[in-house]
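Following are the structures in question.
Shared between the two complexes below is subunit A, which pairs with subunit B and subunit C, respectively.
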Partner chain A sequence: MKLVCSRDALAEALAIAGSVVISRTPAPVLLCLKLETKDGLLFISATDTEIGLLLGVAEVDVREEGVALIPADKLNQIVRASNDDSLSIEVSKNIATITGRDSKFKVFGFDPEEFPGVPTFDTDDFEFETNCNTFRRLIGRTVFATAVENSRYAINGVLIERIGRNLRLVATDGRRLAVARGECTTNAEEDLTSIVPTKALNVLNRLMNDPDEPVRIRRNRNQILFQVGSGPGAPVLSSNLVEGSFPPFEDVIPKDQDKKVHFKTVELASAVRRAALLTNEESKGVRLAFADGTLTLSSRAPEMGEAEIKIETEEYSGDPIEIGFNPSYLTEGLKHADSETILIELKAPNKPGVIKVGTDFTYVVMPVNLG
Partner chain B sequence: MPIRRLAPSVVNQIAAGEVVERPASVVKEVLENAFDAGARRVDIEITGGGRDFIRIADDGAGIPADELALAVEAHATSKIESVADLEKVSTMGFRGEALASIASVSRFALESRTQNSDEAWRIEVTDGVIGSPAPTAGPPGTRVEVRNLFHTVPARRRFLKSETAESARIAEVVRLLALARPTIGFRLVSNGRCLLDLPATDDPRRRIVGVLGEELDGRLIEVRGEIGSPADGTLTSVWGLVGLPETARPTAKNQRFILNGRAITDRSLSHALKEGFRGLVEPGRHPVGVCYLEMNPARVDVNVHPAKTEVRFREARPLHGLVRHAVQEALQEADLVRNLTLKTKGDPSADESMASGRATIAHRMPPPGSGSGVGGASPSSPFSTSSSSWFREEREVARSRTASGVNLDRIREAIGDVPMPNAAPRQPITSAAEVLPTLVGSDAVLQVHQSFLVTQDAEGLVIIDQHALHERVMFEKLHDRCAAGPLESQRQLVPIVFDADPASIAALESLAPLLVRLGIDATAAGPRGVAIHGFPTLLLTRRVDPGPFLSELLERAAQGEIDRDDHEAALADVLDVMSCKAAVKAGDRLGEREIAELLAMRDRIDREGSCPHGRPTHLRIPIAELERRFGRSPA
Partner chain C sequence: MALSRTILHVDMDAFFASVEQRDDPSLRGRPVLVGGRGGRGVVAAASYEARRFGCRSAMPMAQAVRRCPSAIVVPPSFAKYEADSARIMDILETASPLLEPISIDEAFVDVTGSLRLLGDGPTIAADLKRVIRDELGLNASVGVAPCKFAAKIASDLEKPDGLTVFEEEGLAVRLSTLPIGRMWGIGPKSKARFEARGIRTFGDLQNWSAESLVASFGAASARFHDLSHGRDDRPVVGDRTAKSVGHEQTFGVDLADPREVEGVLLRHVERVAARLRRRNRRARSIVVKIRDGEFVTNTRSRTLSEPTDRTDLLWETARTLFREWKFRPVRLVGMSAERFEEAVPDLFSAGDEENARNRRLDAATDAIRDRFGGEAIARTASAFPPG
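Then we have the complex of A and B:
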């Protein structure tokens, strides 16, 4: 294999591919990226056995076809540190030689045959399609609410649900729940419900740079495949699905909240962040007191101090209520609401609070008993 | 067979079964008589484990010749006259059964001379037949001789243990009584060999060290307290000496309670002592100590059992509190940081360091043997040697814990994050960058191997186990926080449900009110499940998984490891588990701020000498020890 490649394009592709590779594994081939030339393009594949990524680099001049398996971190570091406009890569007998204007690196690789394959995506064969703008927003509004290393495996991922043209992404860690809605185009008759690991969606987010590009999605037995953009080099991300059943989330979205009030998102987020300044590990909660057209946020940490922030509420319907929340849950929800105003809905101090953006985003947060 | 009245000798033999169970009971009964007679010194001589021969001589008041015969008759006593006297018994014995019982099952002789008499008198009892007193030669005081004990009761004789076991029991009885009466000298000779020689002393400390072991010398702290008032006769006081936490033993054998001069066993008092040490002694270890309680005899019933080792208190609870608080207070004032001495194998000064350490530097050295002779240590790494010897002590702890049948190792395994120095070594630190310690702040605190903090205090170098200290700090903070109100609890959107056995569910039901205070809202979900509706934000922040946490907690409670009857004890038990789970672990890299916070919190808490599991949080290498090791001062 012999090629000359734009350094910038290669660095960008390697950075994304490198994020798939796991840093610690007993199998050295899993620390590698597979490079392969085909149809005048350089294809880079990476896998951690759960997630697979195949992406093409177009700014490349292929001099001699071939395939190679090179350790990801060294390749990445060499390319990132280079100050050349273009780099030449030549691979012979599993040794890659990367040559720049004033540099020459030899990196020992492995036999490409040992690399597990990553799936490809036939552009015409998709279940549904949306655009990067929509899908990015859906992922952004949910992925933060997934559980980290929870023993209930199913909530360590995001539920993707498509019923007809209606697309929903749902995530929960058992204490808050985020539901984001969007639309898609589809020809498939069968609906789709799958749980996708958080890591795959984070990688996907990095691939969706152009808001207008299409994202095509297809399920393949226990895998889900995403293709971003079109054309021969369009990146394909594949991921094993999370097994297990997602909690019955419809049941926990409250439908009879009687206290509703709108806020400017930025104003409320700022108030929550400031009130959170005087919380600590044992007293994490921020108290929200709604009454008389005012929302008072307060916090109190023993041996540290107290905070109080007041916001004028435009309208408030309902009796006064005091309710405690973990401020970081609120902040995260407000940050990803992606809207100028939000609606807060409450019912009782021991019942969930809801943040809503129209019908597109519903964020349910369980309160904290402030003790 | 027709009903008939039993002959007095038969009655005595039957009664003897109650009072005189084995040779040790004879020794106890006769010694108590000696105490009541005002003896200053007693000599006990036995052969054949007391089965063949027991001779007890005292220098007490003596028995007048004309009372000798009466002394060996049943229900004859000089100690009480009427039932009313029972209310205020202050003498050791009073039933008037002892000598008669003993005499009925042995070849018995009683010899006595009163202080102002010129001659001693002797009376012999053979097979229950009382002979006539005869004059004999002897010093003032009383001698009791018991030969061929139980020769008339072969059944009982068969039940006696080996000679060694019986003499051990006798020695135990003598030790116990010696603790109760430091001002009386004791000497015990068995088969011509002196087993115990305790000179009379006015300093109970010397007697306690003499009885419980020389290694306690300098490692005892004084406990003192009183409740009630002399006006209404409710005054109760406790004075005692308890061993520093590091002296705790695998059994409760070295816990003694002396009530009004009488050695007693009482579960509630043992519990109070243990509670006083809560958090300072590892599970499966028992604090060492002797507590002397003084109270109005009318407020305690010692007439529960002929052997009088069990008593009944009119009010047991205040007594429990008295002992617990006295112990707690004493421990809070004590400096519990363990001192370490450095030792290397083959070091010519090692023995001397032992000696000098004993005498000058450390009152609180690890027990002898724990530090010396550790094989395979390189002379160039004195520190690793001493730490490994320390860990060996820990290992012994672990072993004794397993032996005690409590499956704590499994629990620790389940908890998973308790650093076990004795377990397989942690993953080796691979990259050179990770080995570099972090130098923090102007107080120069080093974090070593992401597990230990090294700093100094006025006395020397201090090494802190970050997990153990943080656990202790957490425990104290949570404890204070709980007193102020329930812990903050994050409610669950969907309950977390896990499988539980009926015993765990029963434990949940009894613990539920306590758990609510701790921010855990859980209910039974069906016959074999538990649902968690709310969980403390603190634990969530620290990434504690609610399901496994509560499941384990309930299992522990079901196994009786959490005291469900005593609310405060249960709270402490649960907080133990919580703080352990929430604390930083060995191997966690700590930032400058975290270290500073941890050390700042340390200064605000009591007893930071040990983590809630009783392992030390701090070790100190005294500056004198460092100086000596570097040859800077004459040893």
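Then we have the complex of A and C:
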């Protein structure tokens, strides 16, 4: 294999492919990226056996076809550190030679036959289609709320649900729940309900740079496949699905909240962040007191001090209420709401609070007992 | 000036040996040595009958048997002692939540807040002794005093079955005749150093200022001046103020069977879990402490994804930590639950059947123990699915 490639395009592709590769594995081939030339493009594939990524680099001049398996981190470091506009890569007998203006690196690779391989996506064979703009927003509004480890439910991933044209992503860690809604650009007969690992969606997010490009989705037994954009080099991300059942999230979305008030998102977020400055492990939460057109946020950290921040809320409807929340749950919800204004809905101090953006985003948070 | 306190020190009499004599009538009235018989066996407890022959706990078994050839040697059953201990602590706790267990058979109780409700210190002490005897058939010696140090000295003065009261007034005078060997922290070696300077009793210590004690015997002796007067402001640390809840037990012998050690560990877990629940606390960190026959102490801990007070979850974690340790004969095993956090109600807890089931089981177990005592019901290690 012999090619000359734009350094920037290569660096970008390698960074994304490298994020799939796991750093510790007993199988050295899994630490590698597979490089392969085809139809004048350079294809890079990466896998951690759960997730697979195949993406093409077009800014390349292929001089000699071939295939190679090169350790991801060294290749990444060499390309990232280079100042050249373009780099030449030549692979012979599993040894890659990367040559720049003033540099020459030899990196020992492996036999490409040993690489497990990653699925491809036939562009015409998709179940449904949406666009990067929509899908990015849906992922951004949910993926932060997934659980890191939980033995009880399959909540270490995001539930993707499509019924007709309606697309819904749901994530929870048991203390808060994020539901984001959007539309598909195509319809499909069969509904889809799958739980996708958090890592796959984080990689997918990095692939969706152009908001107008399509994202095509297909299920393949226990796998889900995403193709971003069109054309021969369009990246394909595949992922095993999370097995198990998602908790009955519909049941915990409150439906009879009677205290409602709108906020400018940045204003409320700033208040929560400032009130959180005087909380610690013992104090547990920030107190939100709604009354007489004012929201008062307060906190108290034993042996440290107290904070109080007031926001005018012209249209607060309902009786006065005081409720405590973990400030980081509020901050994350407000940050990912991705909207200028949000609606807060409450019922009682011991009942979940809700942050809403129209019908597109619903974020349910358990209150904390401030004692 | 702090308010006057009333503190009880409760110390079970020849605990392990008394339990064995209670459970086997043929042992009653006879010298009993609890401990391993093997070459390196050590006496874990000696009945009062055996003590008359000079047998003491921590003595090599071979030596004890030489002193008292008629003694009956009984192998220890730690799980049984644990169960009795748990019940004893429960009884003590009825006098005050400020209960600080210091070992399997010894605890401080600060009853200052209970005096109005339950009567004065000696009355409470006598009541506790009676309940322990009626319910468990065991004798306790109790010291009543205005501070921990004096209470501990008092409980030892009239053993067995003693009840000794030190009033605040005249306390220094009452202590003055005690030999300095009873001073907390003065062993045989330092005793000789003090005696060489003419300090033989607490009264002698009272005449030395803290400064001159430090000058002559080092910084550690500063507190002896206050202690010799019966001044000790250390609080009784109950579970409410404690940062962790734990139990540990030293065996006096090396336990070579991992299953036996696991059995003891499970008892610890059950007690810790019950105490967490009674305090309405949930812990996020589980610590298991193991000391081997070479006296090397190993501490392992694990943080849970969410705080819990469920026996099954605490046991699962403690057992995993124990099994990850490369087993060798064990001297001491302990378990504690730390990092208390408020149980944040879970969005889905209402629909979580497994959680609800285990909570019902824990609640039922607690209720049975409250009513019938610590031994009435227990999990067995083998009742859990093999891990």
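By our rule, the second predicted complex is superposed on the first by the 368 of 371 C-alpha atoms of A that agree within 3 Å, B and C clash if a C-alpha of one lies under 4 Å from a C-alpha of the other, contacts with A are read in each partner's own complex, and residues count from 1 in each chain.
Please note the rule applied: contacts are C-beta pairs under 8 Å (C-beta built on N, C-alpha and C of every residue); 3 or more make two chains touch, one makes a residue touch a chain.
Every value quoted in this text rests on a predicted model; they were computed, and no experiment measured them.
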First, second, both or neither for A:175, with subunit B first and subunit C second: both
Touched partner set for A:302, first subunit B, second subunit C, both or neither: first
Touching partner for A:366 - first (subunit B), second (subunit C), both, neither: both
Which superposed partner A:284 touches (first subunit B, second subunit C, both, neither): both
Touching partner for A:240 - first (subunit B), second (subunit C), both, neither: neither
Intersection of subunit A interface sets (partners subunit B, subunit C): 148-152, 172, 174-177, 247-248, 252, 281, 284, 326, 350, 352, 364, 366, 368-369, 371
Footprint of subunit C on subunit A - complex, ascending: 147-153, 172, 174-177, 247-248, 251-252, 281, 284, 326, 350, 352, 364, 366, 368-369, 371
Residues of subunit C defined as touching subunit A within the complex: 305-306, 341-342, 344-348, 351-352, 354
Subunit B-facing residues of subunit A, complex: 148-152, 172, 174-177, 247-248, 252, 281-285, 302, 324, 326, 350, 352, 364, 366-371
In the complex, subunit B residues that touch subunit A: 477-478, 481, 484-494, 496, 519, 534, 537-538, 540-543, 545, 547-548
